[in-house]
Amino acid sequence: MTSSGPDLSVQVAGIAMQNPVMSASGTFGYGMEYEEYLDLSELGAIVTKAVTLEPREGNPPPRVRETPAGMLNAIGLQNPGARAFIDEKLPQLREFGVPVIVNISGRSVKEFAQLARMLTVDGVDALELNVSCPNVEDEGMHFGVDCSSTGELARAVVDSTDLPVIVKLSPNVTDIREIAVAAAEAGAHALSLINTLLGMSIDIDTRRPHLGNVTGGLSGPAIRPVAVRMVHEVAREVDLPIIGMGGIMSARDAIEFMLAGASAVAVGTANFVEPATMRDVIRGIADYCRRHDVARVAELTGALRID
Amino acid sequence: MTSSGPDLSVQVAGIAMQNPVMSASGTFGYGMEYEEYLDLSELGAIVTKAVTLEPREGNPPPRVRETPAGMLNAIGLQNPGARAFIDEKLPQLREFGVPVIVNISGRSVKEFAQLARMLTVDGVDALELNVSCPNVEDEGMHFGVDCSSTGELARAVVDSTDLPVIVKLSPNVTDIREIAVAAAEAGAHALSLINTLLGMSIDIDTRRPHLGNVTGGLSGPAIRPVAVRMVHEVAREVDLPIIGMGGIMSARDAIEFMLAGASAVAVGTANFVEPATMRDVIRGIADYCRRHDVARVAELTGALRID
Amino acid sequence: MPRAVAHLKRRETVGPGHYLLHLACPEIAASAQPGQFIHLRVGDGTDPLLRRPFSVMLTNPDEDDVQVLVRTVGRGTELIADHEEGKQYDLLGPLGHGWPKPGPGEDIMLVAGGVGVAPLIFLADSLRTVEDRPYVRAIFGGADQDALVCWTEFASRCEEFTAVTEDGSAGETGLVTDVLVPEIERDRPQRAYACGPDAMLAVVAEICAGAGIPLHVSMEQWMGCGVGACLGCAIPAAEGGYVRVCTEGPVFDADQIDWERMNER
Amino acid sequence: MPRAVAHLKRRETVGPGHYLLHLACPEIAASAQPGQFIHLRVGDGTDPLLRRPFSVMLTNPDEDDVQVLVRTVGRGTELIADHEEGKQYDLLGPLGHGWPKPGPGEDIMLVAGGVGVAPLIFLADSLRTVEDRPYVRAIFGGADQDALVCWTEFASRCEEFTAVTEDGSAGETGLVTDVLVPEIERDRPQRAYACGPDAMLAVVAEICAGAGIPLHVSMEQWMGCGVGACLGCAIPAAEGGYVRVCTEGPVFDADQIDWERMNER
């Protein structure tokens, strides 16, 4: 970035990022997997795959399936557990010199709180609460789709850590604003949205679901209009920074989310299609700012014109 | 159909259809528009664009916009009103000799009931309640996303007509099963799902929403996995016939919906892409039945295998 | 049945980002009227999903030839710009209502902006063979000389022709409307036809209304079906409510349009 | 950096619905090991969205030549079957772990089902140039003779070769496993390699385990990223949990796989 170029830096929940572009949880492994394809030190932040208290095996295959302009996944939170994450993944992740946001998932409020305490360590810059994974239904809870449980969870985590807490919202709800408000009132420092839409597809020859888990999460460009709408809705209702995601493939798409109200964006499925997507998005945003005389990228946030 | 071919006929809420393929409301005008492109007498049924009590002008343009594997629309219930529909459109519609299902929309329970009474005339075979249009928010009601209003509405319409009543469900809800149950308990004879997902897209050069109405309904193949999942969920919960729709482009897609639990299917956006889609879907279903030794297409309903 | 298959015989680059498609399509060549459009399926999958509407620029029924002028503005038109000769297109058409014919020997004015020239070339061409043919004046405007695509095809079919560019790189400097006003003052046409960006059409409509000149405009709007079924292509009508570009248009009398509501966006 | 651009030099139809792509790709030609795969972007838009994995069948580093065998089964492979010569592909690769090399002079058995032949042709080819080369026997099975694509390429690189089809239209009649059992009884190989449908691999694994023959299998699974990041391509591991086909595989020792859980679907 030359000194005359646009200022791409953003602050989200106190996390200083050199640009607003990060990875979406679960689509970028722990970063290392993509090291050969792009320079990770150029990213705004890295968001990890969900980490749970104990190791998880994940769901039986098939776990992914393409759908029109999208994909279904039912990975099922496979991960080595918090201990192994801290010992084996985190040291490598820190080396890239960009903020590390750890996506966490648990079976209960207690487990989330415990995880938050464990992960409040050097090298972790923020926690993202995966309250919306379709699989987190144990203990009779269905976080993320009702306000009281989301609020309770967010508050418990906020109370267990001094790291910024980002609550990741599920799109599978009647009114996402309500949930966003609950998270805000519970003290969350930022919101990220959207997680995947719950979907399903069927092999008509075998008459079986394509996914081993029957249903899965729909991601990719197909869901972008839903994601942009939700970011727009939440941004008008809640005074917290938003990390917008859902089908971002290009700088154009990223800018759409920022205009709708996002302070930063995350790239998910597009990483699979083109491993260098985030680099291209960062450059494309800079180009756009130059072309449109935008001095600071943060000016784009919520700059949608509606008359 | 030769006598040795598969039996494609289905009964949905007492409506006898020669095959399970109908048009989705709002995508096929009043049928006449497509007369030159396919033989309407071959269809299972025709579902009309929404009819309201009074004429409606609809929303300002732009009203449609393409999105990845889908489209957004915000037509806004433009229609000539029930009187003009009955006088000018219905006589022509009847000529095709297939069941006519009239999609109705109102501003209040009273209006829906009044419409139902008006449309209980010769030549109308069933009513489909558009309880889920994003625009129906007048009188403080937001039908379709909560159970009590859906139930109240369905009951009022059922009480106002002796025609079969089909309740069309919105996908923009946390749990579509709850709404389906409410409709069933209120006496609905069938359910149709899904209506469009609420979405939005933005022109990053002008910084304005693409649609005049800001938000709109997302349809097309992009939403198919969500639609199939919802049909599957509702079919396991509610004992009413389901008309499945959302992104059907081919016989394969239609069969997916039937395996998930639909008794019939509707084709929407695909009509714009290929006006003869419904003909091709009907033929393709017949081929599939032949290849897979399915004697009656109705056997496909809910034939998904999950172990 | 208004649908056809067309083969791409040749694709000519007629300017930066502008292509002239020569399609082999007997049905359209035989039946398309000036001002009508075709609704073309660009790919066979979901990217892009919907058809794309294009005006017919010229037809040659003897050679089954249909010419379509395409400006690349997005995914669909960029794909078209890459298609190889021999590419087969599925299309609906000819669709919509074309230009009303001028009266015998009328003095008419054609006003084109950018690719809006296409349906006006077809109109000018069709008038060459009529008895007691009208006297055709034309104004063709664009941002710069590159935007004046196919101007020779246009100019050669008109009695008088004025080019105008915003940057002065070709013809007069300014907007089409800067030329239109003096032209009307010099010699008032009995009828005008216009096609181009909405903003241009609105000003042309105002000028013609002021001068009492009947004006026909060809309008654009995002389309779903192209056949009148989806109500997606509505534009505000002068009498209130909306009219469909695909069915009632794309050619309208200027006074059918509510230009004020058109300008709201 | 494991990514490259490849040009389609030639596309050969090698059987109904089977195509052999000759790609110009110096990077892959120089570095791909037998059993590795490439992750190819079929289009540049969203249809299809994800990359598609294909084994490398042969390379010729001197001519920058990479051969890939493609069977059309869906949207992506059908698009490939339509691509013109000169088509440019963006690809990641070579990816994954290839076949472990046999020991010097070992007696080995290759078992291929359908397009599963591709990585085994590459293996057989690579063994031709090693010192003290192994003795290579091969069994190639398919539904019918059309499924035995590229069998001459395979047979010509092996010491012994048996074809088998379910309908008897070529070679022996039956399944590969019907041939494998007597072949093992006749002369027990020291090592076996197999690639084909899951069901075939499961039976081959059982046979080899029973006979105490070390077996290497190349597995398939739906992929997201292809580089180990999404955990989408997991298959059940013998030690519990799952392994990734793209990263730990696609070649595994047969005893790394939990065949019982594999068979659950």
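Going by the order they are written in, the chains are A, B, C and D; count residues from 1 in each one.
The rule is short, and it goes like this: a residue touches a chain if its C-beta (ideal position, glycine included) is under 8 Å from a C-beta of that chain, and two chains touch if they have at least 3 such contacts.
Keep in mind that what you see is a predicted model, and the values were worked out from it rather than measured.
Student: If you take the chains that touch chain B and keep only those that also touch chain D, what is left?
Tutor: Neighbours common to chain B and chain D are A, C.
Student: Return the chain whose centre of C-alpha atoms lies at maximal distance from the corresponding centre of chain B.
Tutor: D
Student: Could you tell me the distance, in whole angstrom, between the mean C-alpha positions of chain A and chain B?
Tutor: Computed from C-alpha means, the inter-chain centre distance equals 34 Å.
Student: Could you grab the centroid distance between chain A and chain C? Build each centroid from C-alpha atoms only and quote it in angstrom.
Tutor: That gives a centre separation of 46 Å.
Student: In whole angstrom, what separates the CA-based centres of chain A and chain D?
Tutor: Going by mean C-alpha positions, chain A sits 36 Å from chain D.
Student: Using the touch definition from the top, which residues of chain B touch two or more other chains?
Tutor: Residue numbers touching two or more other chains: 68-70, 208, 220-222.
Student: What positions in chain C touch 2 or more of the other chains?
Tutor: In chain C, the residues touching two or more other chains are 46-47.
Student: Building nodes from the protein chains and edges from chain pairs that touch, which of line, ring, star, complete or other describes the result?
Tutor: If you draw each chain as a dot and join those that touch, every dot ends up joined to every other.
Student: Tell me, which parts of chain A touch chain C in their complex?
Tutor: 68-69
Student: Where on chain B does chain A make contact in their complex?
Tutor: Per the touch definition, chain B meets chain A at residues 67-70, 72, 145-146, 172-175, 197-202, 204, 206-209, 214-215, 218, 220-226, 228-229, 232, 247, 252, 255-256, 259-260, 288, 303-306.
Student: Could you pull out which chain D residues touch chain B in their complex?
Tutor: Its residues touching chain B are 46-47.
Student: Quick check: in the complex, which residue numbers of chain A touch chain D?
Tutor: Spelled out, the residues of chain A in touch with chain D are 26-29, 33-34, 36-37, 49, 57-58, 60-66, 68-71, 73, 75, 78, 208, 212, 220-222, 249, 269, 271-275.
Student: Which chain D residues qualify as touching chain C in the complex?
Tutor: Those in contact with chain C are residues 43, 45-47, 75, 84.
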